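Quick heads-up: structures coming right below.
Each of the two complexes below includes chain A, the first together with chain B, the second together with chain C.
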Partner chain A sequence: MVTQKIDIKKPLEILSRGDDSKLETNMNACVKCGLCAESCMYYLAFKEAQYVPGAKAELVSSIYRRYNTLAGKVAPALFNAKELNQEMAEKMVDMLFGACTMCGRCVKHCSIGVDIPYIVRKGREMLAAMNMVPATLQSTVDAALNTGNNMAIPQEEFIDTIKWMEEELIDEMEDVNARIPLDETDKSVFYTLNPREPKFFPLSISAIAKVFYAAKESWTISSKYYDVTNYGFFNGNNDQAAQIAGYLHDEIHKLRGKKLVLGECGHGSRATRWEGPGYLKKKFDFETITVVEVIASYIREGKITLDKSLNSSKVTIHDPCNLVRNGGLYSEIRFVVKSSVSDLQEMNPYGEDNFCCGGGGGALAMSEYNERRIKIGAIKAQQIAKSGAKVVITPCHNCVDQLQQLNHTYKLGVKIMTIAEIVADALVINKQ
Partner chain B sequence: MAKLEIEGRVFDVDGDGFLSDPSEWNEEVAALIAKSDGIDQLNEKHWAILKIIRDNFEKEGNAPMIRKICQETGIKLREIYDLFPLGPARGACRVAGLPKPDGCV
Partner chain C sequence: MEWYQIMAVISAFLCITLLTAKLVNLIKLGLPKELSQPNGSVKEGIIYSFTGAMSPKAKESAYMHLPTYLGGIVYHIGTFVSLLLFPFILLLADKIERVPDMFLYITAAALTISSMAGAGIMVKRIVTDNLRYFSSADDYISNILTTAIQVVTALMLIDAVDPVLYYTTAALLFVWMPFGKTKHLLYFFFARVNLGYFYGRRGTWPPIKKN
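And now, the complex of A and B:
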């Protein structure tokens, strides 16, 4: 990194706004009990004090104290109050971008429930204000800002891919109504995708299209703004996060969609559904729901018929942090998977206490920290191996990619699938 | 910058093991990277896929859509995932000497 004089005015303003009681109370609350250490994949993998979640949050809190408390101003050494300088900023980049997936497992293990990822996200906001976001992460955000999707897929190439998947589905179903409708107005479902699906892994698109077809759903995908991800949630730049959130918000209005259905993406679901209204400073006037919940409703209402015996291999579930620990989908995911497979073996731990895949928080996009990502992933790899499962199901494309890499690196010999894929394989199609 | 050593040859790579300088790529380099991914011998189908990825990169500056790879080589989608177990991005694009694509790959 090039050494330069940094402008500390803007980052310090983030800590001294005076209207964020959640930040101030959480920064002041840590009792240094150390219980969070063993909850963190980075600490478990490296066993160094700097990786303790509380120590990462302390980087931000110590700067807060230095500039916002009398004790920190008068006797900084006594109160562990630290100056924000180049060295400190570089340490923050390394720890807050490079050594935290913001998975929130530490919050569940904290003796008093300090929201450490919230403090980490504020630290990232400070770094974004200093233009210190890792280049690979910023490049993904820039692609989304400039083109509407984070892989910069040109619109005509996206359309060609969807048409290709549609032709295959029509052939498979032997029905010209087995469509993947693009840019249609007044549909009840406005569906969204992770750009890696059309770019490299389109089988998950045909899988969900098959489910919608079976359920006789009225649905569409926009050919321009379909990207469910929002890497502005990770890079800490709220203006950029708002611009990206605005794309889906405006597009669903343009196409007069009724429900924004979030494709299988953990952070994208959170950044759109929970953070989106905050970024845009407005309440959404349309329903926002994940595709997992939509599929669950089809099963409950008898809109689709599933035959579990079609998926007879032993499966396990990887719970994406932003959908389960931070998203409340534990039961819905179990309901859909148990309706689709005949042999489910949970990992240990699982559900709200599950370990992150290791690729969250933008880690998958940041080549700078690849080695750490694979190393902490060993914990997840061991969990998978111990489950004895042959198939790992996860409703998050980011997790899918990390698990795929772990599968290869640690020779797990498993198949990684999305929820739509496992459900599509269990579908019993009643010819229309 | 990270280093990747395969059979005595050393390459400058990014953290994910993608070549830092795509112009350093040639067929011998491809075979070496493939080996480090556990593909001992690149067959005709591997080469057909690599050629399209490489051509697209040289003309457009990025990786082609998987549709283009399938339609121009005639290789079935599922077979591509079998040929490159790490997938089209971390697998095929890396062997083809491209920079790592942005996004969740």
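And now, the complex of A and C:
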């Protein structure tokens, strides 16, 4: 490989910022015990040392040492302090974009508690500063920046889909007041979607609409800025992440919505709820909550009635990493699912210990890593098969996509459903 | 004081000064400035980070690697005992005769065991492809020095080593510590705090008991 001269000023600045203790801590805490290896599905799938999470983190921390520590500057060979050059940057692209979904499973099981996805994200920020984000991932971000949604769905097409779903809802409910309100102001709920829903899974929109109808919710969707995803979280470009987060922030203000309800998307929920205020450098002056929590509140408050017997197949739950391990929704998801189905069989492991489906971290958008993505997904496929379930429920459309592919590749013969879909199927509605 | 004792004391002073400077800097930097709406208790998350989350049952790095985990625990205890004994050996060397032989021999034996654990970890690093792949000279040097201090402390307690060797080993360890990976003794605590803050704020920690 030819080592070229690259502009390293901007990426190195990312490693020099002393905003808080997290950067310095995580760059210095790893003892390279390697015990994180078996917690990473990439390592489990490929059994190669380069996939050990600590080794991936070392790519970034070795550069940190070279430019930010006395030891690394004086005796780089002793401390594995590495220069940032073209060869190193290319290795980082392959390992930090192509071999880590930032699921955080390694963190929980790390003997020290090193936040490896945080380090990986820092590495991605550095690569973004060098314009080295994989083109496939960047094009997804660009679509969101330019059109307001990551699949570049034209507004007219989206409106048509929503109108079509609304007609279906009216027919099913036999009620002309059953609506999917678009661009309405002063509603309690400003709802968001993963663009995969209008594009590929419109029935999931009618499912949540049915739930809102049953709960008599006051809600709306924006016809322009409805996209809950934020691939700026994955590409490492915080300015672009802020611009995308700003779309929802500004739109809820424009429509004077009270509560931002995040549709079924793991990373989108995380990027909006937990990272969004940081990207925009301001606290949100509206409540931000996931649809799982909203549905759970409907059940607790008796706003909807569910009949578990309507979902009698054996189901299992796939926990999206960004909603459960990194989002604290373990019990809320269980509460909703247990209220909706009569036969739940957990995978092993599950909850905080779950394995990523393999589609996280932007992997679904990066077709150059498709082979790896499907191979690491074998772990999830085995979990599903062992559970004996006929239905896999997951409140994340990216996970749905990956699970659909695993279902096909590994011939699992299961049905993949979202939370809204399983709840809608269990709804007891007294038609007027 | 002999020259080698002065050398060790200066090294210890340097080590403490540099680690204190790092500590002060980390405290000054503080926790991340989160602007999102919390959904859990930071305090409870941090407490859990140092308690339940450290349980061997909670970590694959422990329950899937029990020999290494237990070896690591023993090794770390030996390291702390050796470091704590340093000022006593330095300042009370002439009074060591008053300590019962039994106590000295038991402590020396325990340190011998802990140093063997350290050596075992070193051997594992050498023979395991995964570890060699991303290990640097620092990983080996830090391990050697930390194991060596336990060996010479054990020998010092039973008067079986030249004090020059003991104090020189201590001096080398103290000089290396703020620069090498042994400094994780400081960063470990901040890593746990940051983790507890992250998971606590989001309501992941403390976890709800699974059925």
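The rule is simple: the second predicted complex is superposed on the first by the 425 of 432 C-alpha atoms of A that agree within 3 Å, B and C clash if a C-alpha of one lies under 4 Å from a C-alpha of the other, contacts with A are read in each partner's own complex, and residues count from 1 in each chain.
Everything below uses one rule, namely that contacts are C-beta pairs under 8 Å (C-beta built on N, C-alpha and C of every residue); 3 or more make two chains touch, one makes a residue touch a chain.
Being a predicted model, the structure only gives us computed values, none of them experimental.
Student: Taking the superposition as given, does A:Val31 touch the first partner, chain B, the second, chain C, both, or neither?
Tutor: second
Student: Compare chain B and chain C by how many residues of chain A each one touches, and report the one with more.
Tutor: For chain A, the partner with the higher number of touched residues is C.
Student: Check the residue A:Lys216 against both partner chains and state whether it touches chain B (first), chain C (second), both, or neither.
Tutor: Neither chain B nor chain C is touched by A:Lys216.
Student: Classify the contacts of A:Arg300 with the two partner chains as first (chain B alone), second (chain C alone), both, or neither.
Tutor: Neither partner.
Student: Quick check on the superposed pair: does A:Asn326 touch chain B, chain C, both, or neither? Answer first, second, both or neither.
Tutor: A:Asn326 sits against chain C, while chain B stays out of touch.
Student: With the two structures laid over each other on chain A, which partner does A:Glu368 touch: chain B (first), chain C (second), both, or neither?
Tutor: In the superposition, A:Glu368 touches chain B alone.
Student: For A:Lys199, select first, second, both or neither according to whether it touches chain B, chain C, the two together, or no partner.
Tutor: Touch status of A:Lys199: first partner only.
Student: By the touch definition at the top of the document, which applies to A:His253: first (chain B), second (chain C), both, or neither?
Tutor: neither
Student: Just chain B (first), just chain C (second), both, or neither: which does A:Gly113 touch?
Tutor: second
Student: Going by the contact rule at the top, pick out the chain A residues touching chain B in the complex.
Tutor: Answer in residue numbers: 136, 139-140, 143, 150-153, 157, 160-161, 164, 194-196, 198-203, 229, 265, 364-371, 397-398, 401, 404-405, 408.
Student: Using the touch definition from the top, list the residues of chain C that touch chain A in their complex.
Tutor: 25-27, 29-37, 39-40, 49, 53, 58-62, 64-65, 68-69, 72, 128-139, 141, 179-181, 183-184, 187-188, 190-192, 194-195, 198-199, 202-204, 207-208, 210
Student: Which chain A residues qualify as touching chain C in the complex?
Tutor: It comes out as residues 18-22, 24-26, 28-39, 49-50, 52, 54-55, 58, 69-71, 77-80, 107-115, 273-278, 281-284, 287-288, 324-331, 350-352.
Student: Taking the touch rule as given, give the residues of chain B at its contact with chain A in the complex, in rising order.
Tutor: Contact set of chain B toward chain A: 14-18, 37-38, 62-63, 65-68, 71, 77-78, 85-90, 100-105.
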